[in-house]
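In the two complexes below, subunit A is the common chain; its partner is subunit B in one and subunit C in the other.
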Partner chain A sequence: MNSQRVLNGVVGVLIALIIGAIIMLVQGYNPILTYQALFQYSLFGWYPFATTLKNAVPLVLSGLSAAMAFASGVVNLGQPGQLVMGALLATIGGLYLDLPPELMIPGLALLAMIGGVLWAGVAALLRQWFEMSEFIVTLMLNMIADYFTVWAITYPFKDASAYSPMTPQINPKGWLPLIGDFNTTIFFMIGAVVVMWFFFNRWKAGYEWRITGQNSLFARLGGCDIQKNFMGVMLLTGALAGLAGGLVVMAGPHRFIKGLGANYAWDGVMIAIVANNGLIATFLYGVFFSAIQTGALGMELITDVPSEIAQVLQAILVLVIVASREYLNATLEKVAARRRARIRQT
Partner chain B sequence: MKAFIGLINGMISGATPILLAALGGVFTYYAGVFNIAMEGMMLVGAFFAVLGSYFLGSWLWGIGLAIFGSLALALIFILFAVGLKTDEFVTGIALNLFALGITTYLLRQIFKVKGVFSNPGIIPIPAIKIPLIENIPVLGKILSGQNLMVYIAILITWLSYFLIFRTRFGLRLRAAGYNAARLDSSGVSSAWMRVWSLLICGVFCGLAGAFLSLGYVNLFAENMSAGRGWISLAAIILVNGHPLGVALISLLFGFSDGLGLLLQGYQAPAQFTAMVPYLATLIALYFYAVRAKEKRIR
Partner chain C sequence: MDNLIEMRNIIKVYPPNVVALDDVSVDFREGEIHSIVGENGAGKSTLMKILYGLTPADSGEILLSGKTVSFHNPGEAIAAGIGMVHQEIVLIPQYTVWENIVLGVEPVRSFGRLDVEKAQQLVRQKIDEFQFNIDIHARVEDISVAARQKVEILTLLYRNVSILILDEPTSVLTPQEIPQLFNELARLRDNGHTILFISHRLEEVLELSDRITVMRKGKKIATVEASQTNRQELARMMVGREVLFLSRRTTQSPGRVVFHIENLNLRASDGRTRLKEINLDVRSGEIVGLAGVEGNGQFELVNTIMGIQKPTSGRISVDSTDITHAPILERRRKIAFVPQDRGKMGASLTADIVDNAIMTHHRLNDQFSLWSGLLLNYPFARHFTDVLAEKFAVVMPSRSAPFRALSGGNQQKVILGRELMLNSPFILLDQPTRGLDVGSIEYVHDQILHMRSEGKAILMISADLEEIFLLSDRILVLYRGQIVADIPVEQTSLEEIGTLMLEGKPRDE
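What follows is the complex of A and B.
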């Protein structure tokens, strides 16, 4: 089963890369040189690899958030909103707090999680009180959070000396330090993956969530508190998305710039889908997607291909991997059914 | 009075793209397709509308290319969701992101700009002046002089209603969503009904996109559909897919759009006025949820 999943991923990636190559050929670019540049700037060498890992942090964290939510049967699509709210709260903390780094960094990370929890909590409460479906509610809250954070960095928290909307830099004590080429933000990512994996696969609450996602009636009859679990899933996944936003601020620009959230959270949702809500797979695909995005920027420097091709490649990857997985599963099922029928005949 | 007319006209032009996309979604809703790709189809439509209008020199070409682009996306949806039986939700999300990626990429590739492409060479869809009616005070300023696409949208609303509830095609369409196995056993392929519904959705979303970039404004901006596809999905869910209900809800959202513009005149920060349509959606969902709950208790 596991080897089948790996095979499926590898085949899917290869097909997607070939389709991407065809698109480049049609446009008159050399695909081999392009891919070479792409991976040279993202994987080969310590510095490119370190950058890829750093850029993977928001992707993996929002991907974990989406994967855990989907696997638990909760359609939390609010990662974009939760991410920017987390980033905003961490930035505000970084502007006004002044603690030694060993307190400041965890403090800001906590604030970021609180930001995500609060925003996810709005959607969770609306569902709890009024039974409003979290699917559209979280989508609408994304737009609202987006406008709200732009307002916050345009008026109350604006850097007076800047021309475009952004906050001043946060207190340097809240900056995540570097170890060689590697930014320490990646430890948060690895830590989150490990903790979440144990939580989801080894703890009782994680088991209840997964069962609820697979069959909520069975879970309810088995004695799970569905309402409480829903609340837990929303808040925890909100915290993960919020943390992603906070880490972007603390590792990268050290301030909240307009457009900070970029497409991280939506990419995270895609990654979770590609990974079929598996947590380890989310991590691996997250790093791979990050490699494409990071490499695309370098590729633009030495080839004529615009870096936006990364977005196109990603969408093709998602469609091809998911379609080939479901197609493969359907085919295998058909084969198995035929075999069963044959056994019954004899 | 002038502010009032401005508000009404703002409401109408705000409602039009949502209405057109939602009507497309109504067909897939009845056919039992969980289609969330309206957002992406609209965005691609908006881009191709500008492409056609700018290079081929006519808004008619713009509309034509918009429909073409949006249909192309619908065909990908069909290939994956109907052909390869990929999860519809997954296909929709991936297609929306694909639309965002491909339009951003092509914007850079063809027009050599990032963010926004605006040029006097983009020929907008004209407004239509209706003789006689335009001379009526107040009403004339609302009924006449709207963008051509507004009238088309009204026409399409009735057409959709007629198609879905008064024709054999509509009956089969609804049957495909209601009980696909039954429809199949009666000799009509439910898969083909889903294909047709998606194609219709592609055409309508193309029109919605063309209105966005050649009517509502006269430019293309990255991600300019800005959640309208999601709002149209909410509109469909709120009225259980009835075309006339969708029209009413779209007007409501259009009103909040116009209201936002009006409030901006009173020095409210633009970011807060821009939130109004999304807040309105949340409020509408609240009333829907309350009503659904009451029904269940009864």
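What follows is the complex of A and C.
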């Protein structure tokens, strides 16, 4: 099973890169030089690799959020909203709190998670009380969160000296420090992957989440408390998405700038789908997608290829991997069946 | 008679390595009723699906009237005159009989408008031709299962099919409905149609067929003339050893009442009454069989007992504890439950065997807890799975294999083992042997009888009357949501229960 997944990933990535190369050739670019530039600015070298990892943090965290939710049968599509709410709460904390860094940093991370939890909690409670589908509710809450945060940084928390909507910088004690080229934000990411894997595969509740995601009626008849589990998953995945937002602020611009959420959360959802909701796979694909996005910016500096090619590559990657997953499995099984049939015949 | 169809050296392997058909060659003659018998998993259905173009063979060839054919889909098979009626009936419930029959090949007038009169006339013609007694304007959801089966057959006859494949058509019928089906099939044969009849019920096969092909574990054992064989011989060929058709139930007097239902009513959200004034007791050391045609409230009763549906009124108690409104986990402390649908209710097919084996135990047995219940004790869970597999003779590739990699019989053993190891005073069995082969059925029956001798109270719902008679101490009949009979097994007969199932009351003499 595992080796098949790795094979699927490697084959998918290779095919996607080849299709990307063909597109570049058609447009008159040199694909080899382009890929060389792309990976030179994202993977080869400590600084590019550190940047790739740092950029991967919001992708991986929101991807984990989506993967955990989907694998548990919870349709949390509210990562974008939970992310900006987490970022806003962390920013507000960073503006008004003044603690030593060893308290300030965990404190702001906690606030970010609380932001995500509160926003996911709204959807969870609406389902609990009124049986409203979390699918539509989380999607709608994204829009509310989006405009609410824009309002917050345009009026109450606006940096008076700035010309566009943004908050002032947060207290430098809440900035995530660098270790060499590496931003410490990546420890949060690695920590989250490890902790989530542990929850999912060692916790009793994690066992129930997994089974509920695969067959909720079986879990229910087996005595699992479906409602409680739903609430737990919703809040936990909300916390992950919120943390993603907080870390973006603390590691990067150190303030909430309009458009800060960008496409991180939707990319994260996409990565979860590509990873088939596997937690480790989400981490690996997250880093790879980040490498493409990060490298594209560098590539644009030294080649004529526009950085939009990164989005084209990403899209091809998603389509190829998702499309080939079932096909590859079916093909491998068919080959095995043929072989058996031939052995029988002789 | 000439061979109409010849299937030669058919091999079919289901990925990754289940050999469903192992070099099977068989021929069918024009105008005969040819039965294919075998246990579940013997390959009968697969063989027919290959003939019908539903699934491709990995090697071998098919000859129709001497010409090699290969159908890539059922449409091609129907065009060549071969049609199949499946176990599960696939009609549109909201459509009328005639609408279902013409669907897909409707006569049309200009601009593609449906020619209603012509369609009805054509359908009526077919019904008259074969003397099927059926109202073409009835909606399919309102007619009986037997009538639906007729509609399926008519759908094929309407398409001028001359070879009919029927996959276990009697499994959904009551004893009284079967002779009528057989009459119709015989009439079709006399009209020159060829009938291929899949079954594992030997008496009916002997009664109906001209020739019988026996299959076992993917191999053809023999094709025999029905007039020159008997039930014992067929059973021996089918199973590979002597089979006893005897009850192994010992006499034993039941103890105190363990499971008790009082005045239970259930009205569905659409206002229809699903369960009406159900009163039911199951005593310790007693097996109560609940008979009934499917869809008469069995599903709702199970759901209400298990806490999936809330009753409108009434009381359910186990061991004199009221569980009418208890959360499911509380019920599970006292109720072991083997559902009829393994993949939907009894297991997660994609999860591994360990994950399936420990369900419910993980909350009720403290040995599964670490860190005061926060963590699941996986080493113990694996050990527990091994114990279960050993105790219930589960054959599995490895503990970490996905559940669906197990055969149906082994899946059922895991589920049964899991539930019986809960050691609950009350056991609810919903069609515990559905879809199992003879060997597995015997095994499950032995386990159920063993639980009876240990003093468990057992309520068994089954559509298989033979099973009910083999195991039960008392038989209840569920008819339109009501229990219409409660009779000790010694004082009743298959015919009496069959009548009660169909009509809800004893037949007037």
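Definition applied: the second predicted complex is superposed on the first by the 331 of 346 C-alpha atoms of A that agree within 3 Å, B and C clash if a C-alpha of one lies under 4 Å from a C-alpha of the other, contacts with A are read in each partner's own complex, and residues count from 1 in each chain.
Operating definition for what follows: a contact is a pair of C-beta atoms (placed from the backbone, for glycine too) under 8 Å apart; a residue touches a chain by one contact, two chains touch by 3 or more.
Since the model is a prediction, treat every value here as computed from it, not as a measurement.
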item: Partner chain(s) touched by A:Arg202 [first = subunit B, second = subunit C, both, neither]; value: second
item: Subunit B versus subunit C as contact partner of A:Pro106, first or second or both or neither; value: neither
item: Partner chain in contact with A:Leu217 - subunit B first, subunit C second, else both or neither; value: second
item: Subunit B versus subunit C as contact partner of A:Ala336, first or second or both or neither; value: second
item: Between subunit B and subunit C, more extensive residue contact with subunit A; value: B
item: Partner chain in contact with A:Pro172 - subunit B first, subunit C second, else both or neither; value: neither
item: Partner chain in contact with A:Asp225 - subunit B first, subunit C second, else both or neither; value: second
item: Touching partner for A:Val269 - first (subunit B), second (subunit C), both, neither; value: first
item: Overlapping contact positions on subunit A, where the subunit C interface meets the subunit B interface; value: none
item: Residues on subunit C engaged by subunit A in the complex (per definition of touch); value: 9, 11-17, 19, 22-23, 58-59, 306, 308, 327-329, 332, 337, 339, 343-351, 355, 359-360, 362-364, 368-369, 373-376, 378, 402
item: In the complex, subunit A residues that touch subunit B; value: 27, 126, 130-133, 136-137, 139-144, 147-148, 150-151, 154-155, 263, 266-267, 269-270, 273, 306, 308-312, 314-316, 318-319, 322-323, 326-327, 330
item: Of subunit A, residues touching subunit C in the complex; value: 1, 202-204, 206-207, 210-211, 214-215, 217-225, 333-334, 336-338, 340-342, 344-345
item: In the complex, subunit B residues that touch subunit A; value: 76, 80, 84-87, 90-91, 93-95, 97-98, 100-102, 104-105, 108-109, 226-227, 230, 233-234, 237, 269, 271-272, 274-275, 278-279, 281-282, 285-286, 288-290, 292-293
